[in-house]
Amino acid sequence: MTTNPILDATGVAKSYGAVAALRNASLSVLPGEVHALMGANGAGKSTLVKILTGAIRADKGDIRIRGQARDVRSPADARRAGLVPVYQEPSLIPDLDIVSNLRLTGTPLEPFRAWVRELGVPDLDVNDMARDVPLAILRVLDLARALAVEPDVILLDEMTAALPANLAERVIDVVRQQSKSGRSVIFISHRFIEISAMCDRATVLRDGETVGVVDIVPGIEEKIVELMLGARVEKTYTKSGGASAAGTVEATHPRLSVRNLRVGTKLQDVSFDLRDSEVAGVVALEGQGQDELFGALSGAIRPSGGTIEVDGKAVQFSHPTDAIDLGIAYVPGDRTEVLLMQQSVRENIALPFSARLRNWGPINMGRERTTVARAIERLQIDTRAQREVQRLSGGNQQKVTIARWIAADARTILCFDPTRGIDVRTKQEIYRLLRELAAQGKSVLYYTSELEEVQRVCDRAIVIFGGRVVDVLPTDIADEAALTRASYGLPRHAQEDIGILAGASNTPAGAR
Amino acid sequence: AGKTYTIGVSNTVQGNGWREEMICAIKAQALASGEVAKLNIAHRNTDAAGQLEDLRNLISAKVDAIVVNPADPAGIKAALAEATKAGIVVVAVDQAVTEPSAYIISNNQEKYAYLGAKWLFQQMGGKGGVVYMRGAAGASADSDRDKGFKEALKEFPDVKVVHEVFTGWQQDQAKQQILDFIATGTPFNGIWTSGIDNVIVDALTESQTALVPIVGADNAGFVGQLNKVEGLKGAAVTNPGSIGGAGVTLALQILDGKKPAQQTVLVEPSLWQNVTDAGKAQLKSAADPSLSPEWPVSISIPNWTTYTKDQIVACKGPGE
Amino acid sequence: MSDQPLVPLVVLLILLVVVLQILRPGIVNERWIANTVKFAIPLAMLAGCQTMTMLTGGIDLSVGTVATMAAFIMATQATHFDPTIAILIAMMPALLIGLANGIGVGVFRVHPLIMTLGTSLIGIGCLQVYQRTVIATGTKVPDFLAWLGTGLSYGIPNALLLFIPVAAAIIFTLRRTGFGRLLYAVGDNEKATRLSGVVYWQVIVALYVISSLLAGIMGLLYVGLIKAPSLSLVEPLVLPSVAAAVIGGTSIFGGRGGYTGTIIGALILTVLTTLLSVLQMPEGARRILFGAIVLLVTAAYLRITEDR
Amino acid sequence: MIRFVRKNGWVTGLFVLLALLFVITKIIQPGYGAGDFGSLVRAVLPFAFAVAAQTIVVIAGGIDLSVASMMALTSVTAAYMMNGASEEFALLVVPMVLLMGAGLGALNGILIVVTRVPDIVVTLSMLFVLQGAALLVLDSPGGAAAEWLKELIVGTIQIPGIPDAINAWLPKGLLLLLVCLGIVWIPLRRSWLGLSIYAIGSSPLAAFRSGVPVARTKTIAYAFSGLFGAMGGLTLTMSTGIGAPIPGPYLLASVAAVVLGGVVLGGGRGGLVGPIVAVFVLRLVRTDLTLLAIDPNVTAIVEGTIMVVVVMLGAYLAMRGRTS
């Protein structure tokens, strides 16, 4: 290719005290290209995006836009230069309605509306406060806001991580269109399937350094993983036997038994059992009641009808502490809901130990240290910046939310999309961890927006649509195509193709 | 005369012994007079603008007379004029006001400071260093007293102010300030206080500093100390809080058609010293250990108040 | 929290003392140090209330009223009751106001600033009404409180006998107990603590009761030091107590800080007060200087600790 | 309409409360009339401006502990300058004092932005600094005010064509208040700057990432606060005819009214109407307490209780609203 890069960064470095977030990163993006930025959790991807868009200042480095050296001082400055980011965290002002948010950034309303519809959210009320909008929709709005100003380069930091499959698919469509109309996209994701579906090239970061730039061709995944991790990681099905093996000794009661559960209008009628030693998957499109289900089971919200039984006894949770007392822990998808950002990793993990009144007294520091260290070890948390959790990379923060309940030895874990934004190796570790927990007799309810995970970790998949359980699929038939169909509420044997992700599982380019 | 009048009261400092006594004197006198059916008291911490509000509320409440301790002599002029226009008798107590239609019965603050300071400088033998512990910066009573103090100071050219500080009329501040000053080791021969006096005596005795002559007000605590503390030479200058009661009497006289000859009546302070026998006797008879140490012991003013000690201490107005 | 950098704060404190010594040679002597400690202790105790409440993102503006009530009620009750009984009676309002604050903030979710301001107004009103009933009883400060407040043993203030255990207890609570952890946690992310099984109102009610009781104890010590109970005894220390906690590095937004810093913050403010009262200058200039130095100290501290 | 009421439920509730209080007042004192309403308005003035000053910085995510000192300083400065000066000179004094307020407010903001010390500490320091400055200008209450300035809040507006009975209920002070607040607030609220102020209060990080110049916006918010503070200081001088260097009880009152008015401490939410209505409510309660001749010591209890109960009620209703 002879075209000049529209964006060219070389030798970028940034340190936070002793932590070097970036050492020597470079990135070169051509016009009209979809360029993947890849790397393990904490490799420095988000930091690079923030530097390119003026959200933070680099210590060193040379950034050229359209061949001209340019010092991007603020996001507003970047915007003027034609660079518009969608950061890993939502950037809408929570207390302003959406119209005002648009006015604030000088975004024209009509194109924005068009993009929102295009991205698969037909019924948006622009007079809603941003704080009342669910996370996944917020991400979409953030993207639509960026698209509406028609930037030359759009930077998407884990745009799809919090999105359910249907929305993620629309994003990918839209990104493709962008590149067709000559705009460049920098795309950060840990999902190879997305990368291979639309990216042209990828820059790989490792420990703050650019370690390679590759063209995306079928079969390149192994190479990227190697670059990312510096060593080969074999990817296998972690699942081994599962409930069918361990579950031969059926307990008299299921661990958790849900009957006709209703929450407001979102969750209509859900019944299922969760047994010891199993990982039950939950699959649903955005907003089908899964948030309410997990909220009700964890005691965070009160159901409006139906029953929940734990070990055969009917329970009513009025506070999460009631659920925790029965060994039921909840790991929400949005880590900002559960992390103490200014506290250390240790205090975050040890939080449940002090929760109850009887544990308010002196802490056994030695015991705590070992328990916490074991949990950190088990999840491989990068604790270089452990004094404050807010300084950890997004993925490592995610791990802390799980580590807490591993340390507290919860019997049942309700995991809501725990691999959101987690790199391949860690994902493998989490899959293995969950299987280990099941093997130890624990139970896990596992909502995931990445359908391929169902076959990797779950013993079966409970599919929810419109607030009802529409199907329960055994693992062997729960491939992505089947899950996608079921999650649109289609009967099991219908054979229409639903979108590219469903189709992707049939292509050899898949990441397996 | 039957119980006919409603009297409004406006005061802008709350929680200070002197002002509390003033309010109790007003209540006691209203009760003792037998002419007051109801008191309507606005008593809170606020500024001149807040007092304007209170006064106007009293006007709305259609009281017959208002007894006011002004936050500032000039600042409440407008509301006082409105009150007079509405046919309400206005009596300012404690401090003067600039509104010509108002009657004033006031303690003479300039004289208060002059009297004490002059006595103190004489005790010091007309020379040496004096510690000048003022009231609250920016308060008009403080600047009036400052004038009196400076006047006395002019008469004694060899007396020097070695330390001047605002106590804010706060006991804790005053105590820390004097202790800090003692720690500097600067010699001093006398202390003039603007009524925050007993903590100063405490500070001197606690830190085992030689006692110097001290001037304070006739607060129960300080008067007690003047009688009891070994080796303490001092004088209490009267600044009766019972002036409030006198204000009620004046207001009732005017309502009954007995206007005084002048608009302004000044209550002159007197000085009780524990170095002369006469002074000692005055202090002995005035001392009242049962009173709160912040209360002035001069709980009545001859010819102006008619209540008994029990009545003022009970602090109950008509109808309570 | 345990790695609160204290060194720069101590350096700032020493710097102030040196300036004082230069401006008033000879003032920094044993007696002055004892005085300074005596006056810093009550402030530090009150600032302890602010530190603990600020960690949860709150503030306790009722401490001045609570302490004043404890002092005044104790001094008036001590005239006819045994001091111990007088003290017990005097602590009742502290307990009640603490409970009210805790319930208001913890259960009804009223903003702490408003809740404590409101209870403080109510408390002051009640105290005024109470005062009416005890005008003729006089007041008495029990000897042992005066001894504790003003006395020195071997040149060391007796007040330390009370303060050292109190401070040790606060520091230990914040660093090494579950309750202390929860204060930081609640101030950092309340929702997170809820999902971890923490019952918010329990923490908050306990916190405000403790804060109030500490303020009550401070009031008793303070009346021992000043020996003149009045209806506004401790009120002037409320804003400085907030300032001491903030200078000491506790964040007003919660989740960050500690008590050791607060103690040094209280010492800094006390020395500063001395510095300004011995300097001969117009009162206006003194206040300007006071404000400027408080700002300077906080800014300098922030600068120094940020780069770490 | 329903949407409007729901969105502005709190303010609507306050208006209802205020109306109720007027009815109660009329019952307590059947003679309560237009003149008394005029008194109420004059009592409201300094509080209203203090509250406006507080509101704008609270919305911007800060808090201003120096409002009362700012009012004292601007008030003494105005009184000092007008003392012995001609009536015309006051025409010069007013804009100068307003400018001074805005400048000192901006200084607050600049100090916060530059030192990165939390708002509460910077403004606490400024509380002392401004108080000190006020004492340097006048060491005791004094000074004077131009007659025309004092007249601005005395009497009623005579609008031709409207019956006197209605005119009597339109005190000049109310007009002054509405004009001064409206002139600043309405354009601000509609501008991009106004949005930015809400944005930095709601989430400084998101605001920065949305391209809002956070530091500049914060400084401007404080400058407006200073401007309102100076207006408050001027109303003090107007009503008392002097300047007093000791700050009045406006700090805590302003914070209380801000919260009562539905502005969230912490920033981003609320408006100016609520706090202003809250000020009227609080002043009218004080009037009623005086009219009822309630024991003055009990009034503190009553005021404290009202504050706590109203906010508790609001919090309770909000909780109910969320669960249903």
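Some points to look at:
Chains: A, B, C and D, in written order; residue numbering restarts at 1 for each.
In the analysis below, a contact is a pair of C-beta atoms (placed from the backbone, for glycine too) under 8 Å apart; a residue touches a chain by one contact, two chains touch by 3 or more.
Just so it is clear, the structure is predicted and the values come from calculations on it, not from any experiment.
In terms of C-beta pairs in contact, B-C outnumbers the other of B-C and A-D.
Centre-to-centre, using mean CA coordinates, chain C is 30 Å away from chain D.
For this pair, chain A with chain D, the centres built from the Cα atoms lie 46 Å apart. Chain A and chain C have Cα centroids lying 45 Å from one another. In chain B, the positions touching at least two other chains are 14, 137.
Residue positions of chain A touching 2 or more other chains: there are none. In chain D, the positions touching at least two other chains are 134-135, 139, 245, 295, 297, 299-300. Inter-chain contacts, as defined above, occur between A-C, A-D, B-C, B-D, C-D. Taken together, the chain C residues at the contact with chain B in this complex read 24, 26-27, 29, 31-32, 35, 39, 124, 128, 131-132, 134-139, 150, 222, 225-233, 235-237, 270, 273-274, 277-278, 280, 283-284.
The part of chain D that touches chain A in the complex is made up of residues 192, 195-196, 198-199, 201-203, 205-213, 267-269, 323. Contacts from chain A toward chain D in the complex involve residues 55, 74-76, 79, 85, 87, 90-96, 100-101, 103-106, 302.
Residue ranges on chain A touching chain C, taken from their complex, read 17, 298, 300, 319-321, 324-325, 330, 332, 336-343, 347, 350-357, 359-363, 365, 387, 404. Interface of chain B with chain D (complex): residues 14, 23, 38-50, 52-54, 56-62, 71-78, 136-140, 142-143, 320.
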